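Each of the next two complexes has chain A plus one more chain, namely chain B in the first and chain C in the second.
On to the complex of A and B.
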């Protein structure tokens, strides 16, 4: 079984991924983001035909470590990086492939993201987009993955300080877990779909360490309620909530690029105050529904089943969901 | 070394560093200024409250440093006018050394991130990222940030503290890891004895200080027999402006391909 720090995020995968069949991006903007591959997401997110991949599958930069574990490799090590245009403006894009080892950070996988982020400091694109789909660190390459996450966070901080918006999009099947959740928290803005999950410890990890009474990982409703897109959006852990489509994420990305906060003392002081207030106000809540009630949501129990339009109206009334403090 | 021994070696003239609920905070005279100290002691897990408490101390240091910079400019003008008037050299208080800001030392003997439903409900990823961002901002603002791992640390707690500093040092006996081998065995479904055998020749996945040094995550291992203050000062003086961890990993063999892959991607991006 492929492994990451969140075993829950690991789904079928491990086959050697080749290039996708050619197709028109416009035909794909309505497909499910959750179901799509990393390449399909990038192609549908960006202006049609503008994506050019760096170090693509034909270069065959595979993991030097997986064979030691008798595990298959992918020619892209589970991440796609390159340049494209978004509404005509140049962007750099990284997209993780959750179907290969849970999108987990291995040595090559991490290094591709680092190379892209470092180059962005010179390229100065209109934005860097990170399409998260990761269970965290790839345990077979744990030290390399962990270090790469730290390198990515340092590089993102440098980019943001230089005025380049770094925007995270979370809607993949593996979510943004472990170190992926920390990188997401370093981005200037985050868009999330209902099926996007953002957390550090995954459900199975908590259950393994603390028992099913603390977190029953088989209770899927609990997982979505605690870590899913709607909760993150309502408490201000994400800045946009969008449909599970490339068109939805594209619209969200364009909106978020235009209002990325500065990376300075004022922003971090505001984030400190925002997070401290959250803990003071909700620290005694046992369940997300209690938090939603205190946020002023009229019918908290209806949130999980709420349609996009109704949820947008709900979010609009919640003060905590709107801030520049990230 | 115990935390008390470490602090005595860092601050031979005394310090005001305290530990409460496993969190380290305070300051002490270091070089010609006052170093801020934060950290985690006693194998404590880092949760939402702890992360925010440490970030608070870092942001305070940044604000004081910004104030000192203005004061330093004023002091500079004062010195200049003093020089023109043939008076003394002026007062150097407020400035540290050659104008550098006060260091922030991050001392770590932690568990991993606190694993709980409540922490995730409250946005642990945001709180840990916030702490790391505070340290990265301090670094950008000119404060040398130095990590010192003297015990355990793992996963999210390690990333948010020690790995968010510019220079990470360790003491012999430190035990950083992503996940312990029995847990790796459980998740990977590989026999523990096979993993233990592989760990001897493959630093990229195995827990332990030597492997984190080989990966480049830990820059240097300090000599506990010599004063730590001087060794930390030397690390600050030698610190590179850029992130050198992948270069160290290539040179030490713990991350054989990361640097080359990152450079290849960057080169492609810059070809325009």
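On to the complex of A and C.
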């Protein structure tokens, strides 16, 4: 694919999307989003055959830093960016590959995302979709990675101000941690699956700094109760809860694009008020189950094992899960 | 005049000293230290029950808290060295000698203490071997065991994790020993009597339920495509070819992958009902899809597995259960079943040498062996034929009167050429030899001897050692599947190709397996949650395995 920055070229996709993906990738029905690679997710999320990648692996834009540490590089630096169509409408898509260095942000990885966001400001797609799968910033190129986080957040703010919805989809193995959690916080709307996780400091980081008594990172039920998809949905941290499938994320993305909030002073003040109320109401809770109880969930201990339909009913009854802020 | 009752008198004295602290047989947890100080004598042989799963941990803490001036120089004879307290007693002088079978998490500390001379080690046994010695020359004076509940008479309900308890109690109670059981609860009536009360002298009401390690839970989410490829080769190249119906699996990811491939890849090969029907196996959660798909006729268990109780209760056609509905396991019987009634053992190891000897002992870790050496050995006491056993026997011998030919048990090592942190699995010389030299052991701690191993499966292929006719062929067959390790690169290419032409070595393509087909999509369950779904919500995984 051409790595053009010409706005028209950026969005004229669909007809020149290259050969269809190999049969092995498409033959899977009911593919798990959690299990899938970034490329499989993008291919299954967008309208069939419409995805066209920018700076794909054949361009070999690899990390200039990793060889210094004798570490292997990836030809796409762990992120897939490009254009596609979603329900016929043009969108730009970025998908992190959690299986390469935990989807962490390095210099090239970050630049590809920022480039996509800035291009979107010019071409005004119907939406930008970010498929998060990241542990945060790559330690081996931390300065470049941290800078990329800041620039991505600024670019998202500019894009939203210009009226382009930026939607985050969180359901990969690595979750959306560190700077990825911060970028997710700037998105207009977030969809999350049960196995998706959103936070800034990861479980191991908290345990290392504060001790296992504060947070036992090996207690995976605790980790998911605190950072996982169900909790984020119940407290309004995410705006849609979907099945661990591409179809589930696709339906959620279409729904969220349609109801992305305006990015104006009223929205920001509402978000500030929502977060202030949250800390005032739940700041003394020691466990997510306590928060769920205060939210009015009848049987908080049953939430982790709850099936999708029952959970949807629970969410529908929780006021905090529905808001116009962010 | 000869005194034929000295042991019984000593037992009565011990019990009388303990009774002072008890209400009948029942002793509160707070008095456990006083009880042990009252009944133990310096130099006693003590079995502190603990294996690879359940732990008499309340009694272990009490023993470690005893006054070394009163309780010292004990000879510990127990299956597992697992809890820190199991080694603390050697640091304080409470214990001096050790005979055991298994050590998981304490393997590194045991190595240090052996090198430091703090432990006088008898031997690292196989389970059955240690159990056998309980009845010959390592009979405990005192057994400290664990159960779920007891009544005031001492009738004991062990729960699904029966494990070693009947064996330990048998050896101790019937040879003038004292048996102390810790229980989670004192009840009016136990759900079933696993150990009759007249074999239990004291019941300690534990401060918290005894610990059970979920040792046999393998998360499908962590399974790699290399492990899946190896599992495909084992199914097609060994299970199918030998028609393996009666078997035991080790605890590695490779064998768990086989369990998850039975309802998918195995089904596709048309093997349902022809392989893997009768098992000596703990209730592995990864076996749930195969059970639910109708592959499994029955399973006898060494112990239980955390979270599997409700599922087992709902599948009594498959598992051995009591009249109360819960699993009845028994390590001694299941080990015997695995040794004599199974046609195949398949497991993993940390090191394999050029003769096929394998060990999980490395320079700085002395992990014991658990069940592998009994399961993974050819039982010379076996007399009943089976197609699997006979086919393997014919491959090994080739000549002679068929009516006088022994069969062979299939003993398969399933390993990746490089293990954790890219440490090579294949070595010229086992670290176990160095450990034995430095600690003055007469025998190197070998897990499975080379002459018991019949097949080695790696991502590079299958080496059939039954077809090797001399030591050189054997060495080249092993080098021929050792990949890019030093041992693998040291192969004689011409000899390896000759072995391949004879079918001694078989590559994935020789088996009609395309390595790119080794995909996680083949797994019947890709996550712990999938296993819960397969079980109809009956499997209740512990918190450390739940990502919800």
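The working rule: the second predicted complex is superposed on the first by the 298 of 326 C-alpha atoms of A that agree within 3 Å, B and C clash if a C-alpha of one lies under 4 Å from a C-alpha of the other, contacts with A are read in each partner's own complex, and residues count from 1 in each chain.
We take it that a residue touches a chain if its C-beta (ideal position, glycine included) is under 8 Å from a C-beta of that chain, and two chains touch if they have at least 3 such contacts.
The structure presented is a predicted model; accordingly, all values stated were derived computationally and were not measured.
Peer 1: Overlaying on chain A: chain B and chain C, fit or clash?
Peer 2: Superposition check on chain A shows chain B and chain C fit without a clash.
Peer 1: Looking at A:278, would you say it contacts chain B, chain C, both, or neither? Reply first, second, both or neither.
Peer 2: A:278 sits against chain B, while chain C stays out of touch.
Peer 1: After lining up the shared chain so the two structures overlap, which partner does A:102 touch, if you call chain B first and chain C second: first, second, both or neither?
Peer 2: Neither partner.
Peer 1: Who does A:120 touch here: chain B (first), chain C (second), both, or neither?
Peer 2: first
Peer 1: Where does A:57 make contact in the superposed view: on chain B (first), on chain C (second), on both, or on neither?
Peer 2: Touch partners of A:57: none, neither chain B nor chain C.
Peer 1: Just to be sure I read the superposition right, which of the two partners does A:168 touch: chain B = first, chain C = second, or both, or neither?
Peer 2: Neither partner.
Peer 1: According to the stated criteria, A:305 is in contact with first (chain B), second (chain C), both, or neither; which is it?
Peer 2: Second partner only.
Peer 1: Touching A:143 in the superposition: chain B (first), chain C (second), both, neither?
Peer 2: first
Peer 1: Name the chain, either chain B or chain C, that contacts more residues of chain A.
Peer 2: B
Peer 1: How far apart, in whole Å, are the nearest Cα atoms of chain B and chain C in the superposition?
Peer 2: Value for chain B versus chain C, nearest C-alpha atoms: 12 Å.
Peer 1: Please give the residue numbers of chain B that touch chain A in the complex, ascending.
Peer 2: That would be residues 48-49, 52, 55-56, 59, 62-63, 66, 113, 115-130, 132-134, 136-137, 140-141, 155-156, 158-160, 163-164, 177-179, 183-184, 186-190, 198, 202-207, 211-212, 214-217, 243, 245-246, 249, 254-266, 268-270, 272 of chain B.
Peer 1: Show which residues of chain C lie in contact with chain A when the two form their complex.
Peer 2: 516, 519-521, 526-527, 529, 543-548
Peer 1: Note which residues of chain A are touching chain B in the complex, please.
Peer 2: 1, 3, 5, 7, 54-55, 59, 61, 64-65, 68-69, 81, 83, 92, 107-108, 110-112, 114-116, 118-120, 122-123, 137, 139-151, 153-155, 157-158, 161, 176, 178-179, 181-186, 198-201, 205-206, 208-210, 214-215, 226-227, 231-232, 235, 237, 263-265, 268-269, 271-272, 275-276, 278-279, 282-283, 285-288, 291, 326
Peer 1: Where on chain A is chain C touching in the complex?
Peer 2: 24, 28, 31-32, 34-35, 194-195, 218-224, 228, 230, 304-305
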